[in-house]
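Shared between the two complexes below is chain A, which has chain B as its partner in the first and chain C in the second.
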Partner chain A sequence: MLNKRVRFNKQGSTLALYLGLLILLLFLPRIIQGPYYRHILVFTLMYVVLAQAWNLTGGYVGQIALGNAVFFALGAYTSTLLVMRANVTPWIGMWVGGVVAALVALALGSVVLKLKGHYFAMATLAIGEIMRLWFSNWKFVGGAQGFSVPLRGSSWYYMQWTSKIPYYYIILMMAVLVTYLVHRLDRSKYGSYAKAVNQDEIAARSRGISAFRLKQASFALTAFITALVGTFYAQYVLYISPQSVLIMSLSILVAIIPIVGGVGTVWGPVLGAVFVFPLTEFLRAQLGGQALGLNYIFFGLAVIFVVMVEPLGLVALINKIGQAIRGGRGGAHAGTEH
Partner chain B sequence: MLVQSIVTGLLVGSVYSLIAVGLTLIWGIMELVNFAHGSFLMLSMYICYAFFLWFGFDPVFTIPIAAVVLFVLGFLTYKVIIAHIMKSPMLFQILTTLALQFLINYTLFFVAKPTFRTIKVGFWNGCFVYAGIFIDKAMLAAFAACVLGFIFLYIFLHYTKVGKGIRATTDNPKAALALGVNIEMMYALTWGISMALVAVAGAMLSRMLYVHPTVGDKFGLLAFVAVALGGFGSIYGALLGGLIIGVFSTLAGVYAIPWMKLPAVFVVFVIVLIVRPRGLFGRK
Partner chain C sequence: MPVLSIENLTKRFGGLVAVDSVDMRVDSGEIVGLIGPNGSGKTTLFNCVAGYYKADAGEVRLNDEVITDKRMEVICEKGLYRTFQLPRAFPELSVLQNVLLATQHKHEGLLNILLRAFSDNLVVRAKELAEFVGLERLISEPAGNLSGGQQKLLELACALMKEPQIILLDEPTGGVNPTLINDIKARVREMNADGMAFFIIEHNMQVIMDMAQRIYVLDHGTLIAKGTPEEVRNNEQVLEAYFGK
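Let's turn to the complex of A and B:
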């Protein structure tokens, strides 16, 4: 009985599921108390957005960018410099940073996006290092020491609060909006073009899709979203330096999360971040301060496991489980196929 | 000053070359970029550090140990992980080796803590002067070790059965298979040899640099540059590429601004990738 109804109202039930999830997320900081746990929530959501942004270029179009820290840093540095030197509110600085990052992505992309596969990955990795070394030695942006964002207590104008709750709602909003955007893009012409280019670029081009334009557009969008999160990070942590926002491991991490969740899918980046972050933080808390870097070790293992066992990531795994639960026989068949 | 820079550059470059040769061997035989290359280098440095700490060994004497350990590690990495992703899309191949980098780096963070460690041994300290040129003794030793590494590699690839098998597999895996070469074994051995070469380079670097879990990343990238300059898959290209980087970065450090050393190399790298992806000496 229940099974039939679920199948009948599939769209309705999915919508209900999403709404339920949203309501849960809205009340989560009331349920989860304590600054440490709220901090994990904020960071998890931050990586959801960063991974979504990476997925647009890496997962959909198939250009594996390993230098997204550049855009993250552009966002963080632009808004911080604006607020420090010109007293411009980060609410504006955020968008300026986004535009700067998107323009840089377009400029870089016009050259680098001609590269494919390994070559693109290595070039973006190198660009990230160039920028880190450059910013570490550039006095105007604070050099290797970076900046402390001046403290103003709790202030909307300066986008900083002593409580973690406002930060949570800002990043939650960003995560929901970006995920919705990716969802829409996934269903749109853009999404199918991107998948076509990813699968067979020559065939896609022969059908009249401008692969290069598409790559540029998604790279710019990736940069824009990543930079917005960069500003958020600067305002949340209130300290930025090349060692915190321009490190290679940040660029790699945002590429690894979607892989764990399911690359080139709407929910992959979400699942990847939500599954791995709280779990690893929990492990770390259990092991105490000694467990430095343990969460990254876990990430590394998760990726290798996913690639070897279920290349489509957690999304596919959950789909399989869902099928098995929903339809007895159908699910069983789907299970035996693999 | 110019001659001095070139000499120093060549000495440093020989180390880059040895690292790059390992990378290009793997690329040549299986079209796979090992993004964890620098991490294996770092592992070798830690092995040297451990032997220095426990037994007071000079890294030079740890070379054989590090080489054997890393050979085994490389062999196992292929058998346990890489063999299973050979047919996967490129995205997964890239991210697997990246994940491996994460895994190795942060395991060392976890085990050894992010402390900067130094190996201080009296052997080969300081430098000597020859015809007005200062030559750092440790660097000269590194150069000698790298040259020996190349000679071993050359003899191995050209005069042993396994070496010939590896070259055959690189040239044409299907034909090699038809002729009875166990190509799976060749792949695994290539990984082992590649890592053994990295071990030699790491051992020689370990007494010149701070030993730290992320120390290898820079060298991994520099190896990419050397390989790209020389043409992907070409051993002599990588050798030459490493020397060029050594000289170029030293010159850039001396005649431009010191911190521009590495960025200048990376800028050249990106330009070469775009303008001449087959490398300066690549044939294809």
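Let's turn to the complex of A and C:
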């Protein structure tokens, strides 16, 4: 009885916490004024989604991908080409881009997912660079100059607005939905199988789990979600080029965020994005052109910090602090009983 | 009727012939032992049968279906479950989850895996099996906290979860204390009484002589003797392989 009530209270308070967070996020653009700060909000949420996508392959089945810019670019280029050449609304273009990216991931995955550890990371890194060079020299996709998305003012059909507010709500919705999806996946059989494959692939396969199929599915899902964000980015910035959407630093950032936040967890990518992105953006803005690349030094330090202090990331750190507080309270409570 | 039949199986590592044209079979409902000095090729043979290694020659059949060179997970789903010399539980997952992972995956669609949790029936079954091997009190404990012997028992529960045709055990009592050895023996006997076939590598002669109906002896990759425990015990070649001339 008592046990039940305690559990109910705990569930209730978790639910209240999520609801409170959601309400805060809904009103955040009212609290935070100014285009620059709102821009940081939009980008932080964008990185939440990108990091969640990366985490499915990198965190759950444990294949560290360093070429996710490929899928990001496929999403951005597909929807942009469709709207420019065939006047197809980006609302449809984004799904086409997602499917294209997922198919490319399946094709690439059938080869590279056989590689493990560093080899897989190196292969995906190389694929990203190959595609950047290829797109830089391919006229059909605008070559090195890329495309400016034709301006249409504020238009739902063309998914573009002069204000940042609609973008904020679109990316917020994506972040909430994708986080919920990962939460569901974490609780499903997929969550258990993926963790098993990650911990000991041979043991997982000897229990009949098809590790390769699981990796393929994860990689395709990663690509699909990443490409959706690619379309969003193209519509938000209204300019894409190999230098903006196919850069290695994007691929690396979407990997660093979940590593700092906590790989293979639902909230790791969220915490990681909220912690890493605004900080790097702040550093970049403060230092300007004086110390180009200092934000990479910061990434390096952040990763070293995580590996040394808490390899499981911010999520584990927060859990530990929570336990310490609860443990302290519990101890005091037990003390009064005796 | 043979559940498992191995014909002319050969595995080479460079110049070394680890398993040299070996013929063996395990009939349904049988417990068959596989013994031999260290390095005689027992585990290599298991690895070839279970799909961990690709055999260089020969054929393995499970219930008359050729399974040679099929992938590990496919062979497992067809009904051949193998355990490892060093137990390979998932240390961070709970005992219950470890057992659940060994459920049958044959008919699981991808969407089912992505969106559904384990059904209540499976959870009940996994709990029963954990109880059967005596781990009911450790059910939510991470498997990494179990002792070596308890992990061997956990492997038995996992094997049963799969409902296979035959279970290959690689040294089920290696490094296990005598009380737990008796537990393991008792569980294997009970499972065998229900019709489960076993193929067991074992270094503990007392255990294997006591449990197996028939025994194969490997030395330097070749089959040097086979027969009842009594026959094998008195075989001169076997004594020579273990103790020298």
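The rule is simple: the second predicted complex is superposed on the first by the 303 of 338 C-alpha atoms of A that agree within 3 Å, B and C clash if a C-alpha of one lies under 4 Å from a C-alpha of the other, contacts with A are read in each partner's own complex, and residues count from 1 in each chain.
The working rule: a residue touches a chain if its C-beta (ideal position, glycine included) is under 8 Å from a C-beta of that chain, and two chains touch if they have at least 3 such contacts.
Nothing here was measured: the structure is a model prediction, and the numbers come from that model.
*Asks:* Please indicate which partner A:V307 is in contact with in the superposed arrangement: first for chain B, second for chain C, both, or neither.
*Replies:* A:V307 contacts chain B only, not chain C.
*Asks:* Per the contact definition in the header, classify A:R207: touching chain B only (first), chain C only (second), both, or neither.
*Replies:* In the superposed model, A:R207 contacts chain C only, not chain B.
*Asks:* According to the stated criteria, A:Y37 is in contact with first (chain B), second (chain C), both, or neither; which is it?
*Replies:* neither
*Asks:* Please determine whether it is chain B or chain C that touches the greater number of chain A residues.
*Replies:* Touching more residues of chain A than the other partner does is B.
*Asks:* May I ask you to decide whether A:Y193 touches chain B, chain C, both, or neither, giving the answer as first, second, both or neither?
*Replies:* After superposition on chain A, A:Y193 lies in contact with chain C alone.
*Asks:* After the superposition on A, what does A:F219 contact: first (chain B), second (chain C), both or neither?
*Replies:* Neither partner.
*Asks:* A:L125 in the overlay: touching chain B, chain C, both, or neither? Say first, second, both or neither.
*Replies:* It touches chain B, and chain C stays clear.
*Asks:* Show me the chain A residues, by the header's touch rule, that chain B contacts in one structure and chain C contacts in the other.
*Replies:* none
*Asks:* How about chain B: which of its residues touch chain A in the complex?
*Replies:* Of all residues in chain B, those touching chain A are 33, 35, 81, 84-85, 88-92, 94-96, 98-107, 109-110, 113-114, 213, 217-218, 221, 224-225, 228, 257, 259, 262-263, 266-267, 269-270, 273-274, 277.
*Asks:* Can you name the residues of chain A that touch chain C in the complex?
*Replies:* Per the touch definition, chain A meets chain C at residues 184-185, 187-190, 192-193, 195-196, 199-200, 202-211, 213-214, 217.
*Asks:* Applying the document's contact rule, which stretches of chain C touch chain A when the two form their complex?
*Replies:* 50, 52, 71-73, 76-77, 82, 84, 88-93, 97, 100-102, 104-106, 108, 110, 112-118, 158, 162
*Asks:* Please give the residue numbers of chain A that touch chain B in the complex, ascending.
*Replies:* Checking each residue of chain A against chain B gives 58, 62, 64, 66, 111-112, 114-115, 117-119, 121-123, 125-127, 129-130, 133-134, 136-137, 248-249, 252-253, 255-256, 259, 263, 291-294, 296-297, 299-304, 307-308, 311.
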